[in-house]
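Per-chain numbering from 1; labels A, B and C assigned in written order.
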Amino acid sequence: MSTAIELRGVEKSFGITSVIRNVNLTVAQGERHALIGPNGAGKSTLFNLISGYMLPTTGSILLRDEVVSGLAPYQINRRGLSRSFQVTNVFANMSVWENLRCAVLWATGHRYAFWKNVDRLPEVRERTARILEDINLTARRDVPAGLLTYAEQRALEIGITIAGGADVILLDEPTAGMSHAETERAVALIRRLTEGRTLLIVEHDMSVVFGLADKISVLVYGQIIASGVPEEIRGNPKVKEAYLGEEAA
Amino acid sequence: MLELIVMSTLNGVLYGMLLFLMASGLTVIFSMLGVLNFAHASFYMLGAFFGFQISRWFGFWPALLIAPLLAGALGAAVERYGLRRVHKNGHVAELLFTFGLAFAIEEVVQIIWGKSPVDFRVPSLLDFPAFTIFSTNYPAYKMFMLLVSIVIFVALLITLKKTRIGLIVQAALTHPHMVGHLGHNVGRIFMLVFGVGTALAAVAGVIAGPALVTQANMAGLLGPILFVVVVVGGLGSLPGAFAASLLIGLVQTFAVSMNGSLSGAFGPLSPNYAATWLADIWNVTIAQIAPIMPYLLLVLILIFRPMGLLGTRDT
Amino acid sequence: MTETTSSVAPPYPTAAEKLKFYGLWVGAAVVLLLLPKLFSSGGSLTTFSLIGISIIFSLSYNILLGQTGMLSFGHAVYYGLGGFLVIHAINIIGANKLPIPLPLVPLIGGLTGLLFAVLLGWVSTQRSGTAFAMISLGVAELVASSALILRTFFGGEAGISANRTKVFRLFDWSFGPQIQIYYLVAAWTLIAVIAMYALTRTPLGRMCNAVRDNPERVQFVGYDPHVVRYLAFCFSGFFAGIAGALAAINFEIANSAYLGAVQSGTVLFATYIGGVGFFIGPIVGAIFVTILSLGLSDLTQVWQLYFGLIFIAVVLFAPGGITGLLMMHRPLLKAGTFGRVLPSYLIAFVPTLAMLIGLILAAEIIVYYAVHSGDDTHIKAFGVPFDAANRYVWAMAAILLVGGYWVARKTWTFVGHAWDDATSVAREKGIAA
C-alpha cells in the first residue's frame, strides 16, 4: 500500500517552547487514521503543519511521496489535501450554496475566470448540489452560513472540506460540541463521504475514534507515543497511563 | 561636508524622536484596540493649535501642560462615545470612523483658526542659539524639543517596564488576542490608552508648533508619513516604530540637504530632450524628492520585507 | 444534468424573472436617453455627467471595499492617471490627426488605470486589512507627490488641458456641446455598470466575496487570496481609469487634484454613504453625494464639515449606508408589518429634525463668530436669513438642540421597540430579517 501522508522528524517550536517534537507518522492511502491525545498535545498544530498553515521548524512532510512542507496552503490543497477547522471557519455572509460552490470552483478548473457566468456552469452546479444533498442541508440552501445552527455549521464545514474532491482529508474535531444524536449523524456522514479516501482525524470522543479508525496514533506533549490498530492502542500500557487512564478516572 | 553630516544627524534624530512620540501612541493603541487611529495626526494638530491659543492667553509653559491634557481628554471621549460604538461593526468601520473624524477635525480647525499659518512663536526664554558649530547657530528651542522627546521616551519606557498598566500594554503588544481576557475594567484601560496616546501626539504638536508651521493642513501632511512609519516598522511593534521613526527622520533630513541630481552627476541633458518629461527626472535634485522618500522606502520595504522591519502580525 | 441537481440546485431564472432583469437594464437605458428631454438646462446636463462619472468611480471602488473587503485610501491614483493620459491622448490624436474618435478615448484611460494597477497592485495587495489601507495611502502619496515633481508631464499645479473638439469626428459629432458629452458619459456609465455587475457573477467575483468574508479559509479551497485581491485591484483600477478619462473629457483639463487625497476621500465617502453591501449602493451614494456637494456648497460655507458629520453619522448609526437602511425594511414589507414601524418614524422625525436644526443653527452662529466676526450679523444659511447676534436666536438654537435631543432620545427607544416588534412578527411568518 502506498503512503498518503508521511511526516519525517517534524519539529515545531514557538520561541523556546517546542510544541511538536520529532514526530514520524505515516498514513497509508485509503486509511482512516485517528490522532488522539490530551488537550494541548499539539494535535491542531500538527494539522496546521501538514496543511501548510505553519512551517515546521525542522523535518519534512510528504504528500504522496512529494515534499510539501514549505508550500503555501493553497498549493497543498491543489495537490489533493483538504482540511477542516476545529473552530467553524466558513464564509459567514454567503449562503450555504455559495459556500459549497466556492469550494468546488478551483477543482472544476474555473480558477480565477472572469468571463464565465458562475450560475451557468453545469458541472459546478451538479457537484455543489451533490455535496449539499450529502450534508443534508438542502432545505437551508439559501440561508447565510452565519445564521445556521452550530451542528449545521459543522456539517457545512465538512462539506466545504470534501467539496473540492481532495482524496486526503484532515478533519479537526468534527463532532466537538455536538449532542449524542448529532455526533452519530456526523460520524455516519464522515464515514460515507470519506469512502475510498484517506482520512486523518483529530477526535476526543473515544466511541467515535474506535468506531471509525483503521489506525490510531497517540500524541502526548508533542510526541507520538504509540501508533497502531485500535486493539493495540487499547491494550498499550503507555497510552493507558498517559491518556486513556486519565479519561477513565 | 562634516558640518552637513553633523547638522543633518542632529535634525534627523530630532525629527525622528518627534515622529516616535506620535508613532508610539499609535502603535500601542493599535495593539490594544486593534484599530489604527487615522485621526492620530489630527490630535497632533489639535495639540499645536491648543498650544498656540493657550500660550496666547497664559503663556507657553502652561500651554505645554494644558494642551496635551485637553487633547487627551478629547481623545478619551472619542474612544468612549465613538469608537466603542462602532467596535461591533469591525475594524474597517473603526478605521472609517477615525478617517471621518480626521476630516471633521481639519474642517473645524479651519473654521476656527483659518487656513493660513498662525503665529506660534518660540517662547522668549528659549529664543537664543544654544551653541555654534561650523559657524551655524543651533537654536536652543530645538535642543529643548529633543530634550522633551527624550524625557517622554524614558518615561514611557519606565511606565512600560514598571507599572501594572505598562505590563498590561506589554502583554497586549506580544499577545494581542489576550486583551479580551483582561477582566471587567478593560473599557477603562482602552479609554486611558487612547487618551494617553492622543495626549502624546498633542505634546509633539505643542513643541513642534513653534518650530514648524502651525497650519490647518499639518495633519494631512504628517499623517501619511506617520502611517508609513508604523507600516515600515511593522504594525504593532514598538521597537519597530522606534527604528522606523529614526530611519525616516534621518533619511528625510539628509535628503533635504542634498542638492545632487542626475544632471549634476552625468552632465546636462542634451537640449533635444529639454522639453520632455525626461528633463524632469534628469534635473530633479535629491532635496526635491525628499518628500517622497518615506513612500519610496515603504514600497521597498513591502517588496523585501512585507511584515515590516520588526513586525510579526499579519493584519 | 442529473435529477439531484435539478431538484437541489437553485432553479434557473424563469422567463418572467429574466424579462424583469433585462427589462431593468433596458429601462435604465431609456431613462438615460430621455433624461435630457426632461431637464435640458446646461447646468443639469453637467450635473448628470458628473453623477455618471461618480457612479463608475464609486462602483469601481466598491469592487475593492464591498466585494473584496479592501479599504483603499488611494483609489484616486488610477482615476487621476487615467485622466492625465487621456488629456495627453486627446492632444496627440488632435495633433497627428489619428483616426480615433472621442467615444473610444475613455478606453485609453481605462487601460492606463489597468496598467498602473498591474504595476502597483502586486505590492499593494500583498497584505489585507489595516496594512492594505495604510499601503494604499502611502502609494497614493507617492504618486501624487511624484506628479508634482514631473512637471512636464503633469503640468505642475496648473495641470494640463486639451481641446476635445479637435479629435477625429465620427458622424459629425463635435463633442463641443454638453448634451453630446452627456450622452457619451451616459453610454459609458451603462456599459461600465453592466460590466461591473457581470463581474460579480463570475467565479472571480464570487471568490472576491469569499476573500472578503474569510481570506484564511480561501487558502484551503485552493485559492491564493493575494491573487484574488490583485485581480480585483486590477479591475478596479481599469474602471477607475475610465471614470477619470470621462472626467478629463468633461472638463478638458487634468490637474493634481485628480490624483489627490481629497478625490480618494470623496469616492470613499460616496461609496460608504450609499452602502457597500449591495451592488446598487455605490450608485445611490454617487447620486446622493454629487447632488449634496453641489447643493450644499450653495447653501452654506461650511458644507464640508456637514459632509464629514454625515459620514461619521453613517459609520456610527447606519453601517449599511442608505441602501442598507432601505433594504432593512424589505422583510417588513414582505411580511406586511411595515405599518407597525411607520408611526414611530413619524413621531421620532419631529424632535430629531428639531435637534438637527438646532445643531445647524448653533454651528452657523459659531462659524459666524469664528470667521466673519465684525461683519453684518444678518447671515443666511440654507437659504434662511437670521441674525447671528440676536440672543433669542441663540436661545432658540440651544432649546432646539438640547430639547430636541432630550425628546428625540425617548422617541428613538420607541422606534427600537416598534422595530423589534415588527421584525419578530416577520420572522414568525418565516421571512428572514
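Note that in this section a contact is a pair of C-beta atoms (placed from the backbone, for glycine too) under 8 Å apart; a residue touches a chain by one contact, two chains touch by 3 or more.
Note that the coordinates shown come from a computational prediction; the quantities given were computed from them, not determined experimentally.
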> Which chain maximises the distance between its CA centroid and that of subunit A?
Replying inline: B
>> Closest chain to the overall C-alpha centroid, by per-chain C-alpha centroid: which is it?
In response: C
> subunit A to subunit B: how many Å between their CA centres?
Replying inline: 47
> When the C-alpha atoms of subunit B and subunit C are each averaged to a single point, how far apart are the two points in Å?
Replying inline: 31
>> On a C-alpha centroid basis, what's the spacing between subunit A and subunit C, in Å?
In response: 43
>> Two or more other chains touching the same residue: where does that happen in subunit C?
In response: none
> Taking the complex as given, what residues does subunit C use to touch subunit B?
Replying inline: 65, 69, 71, 73, 123-124, 126-131, 133-135, 137-139, 141-142, 145-146, 149-153, 261, 265, 268, 272, 302, 304-305, 307-309, 311-312, 315-316, 319, 366-367, 370-371
>> Touching residues of subunit C toward subunit A in the complex: what are they?
In response: 1-2, 4-5, 8-10, 12, 198-199, 201-207, 209-210, 212-214, 216-224, 227-228, 231, 235, 432
> What residues of subunit B sit close enough to touch subunit C in their complex?
Replying inline: 30, 35-36, 82, 85-86, 89, 91-93, 95-97, 99-101, 103-104, 107-108, 111-112, 114, 220, 224, 227-228, 230-231, 235, 275-277, 279-281, 284, 288-289, 291-292, 294-296, 298-299, 302-303, 306, 314-315
>> Which stretch or stretches of subunit A touch subunit C in the complex?
In response: 51, 53, 72-74, 77-78, 82-83, 85, 89-94, 97-98, 101-103, 105-107, 110-119, 121-122, 125-126, 128-130, 132-133, 138, 141-143, 147, 160-161, 163-164
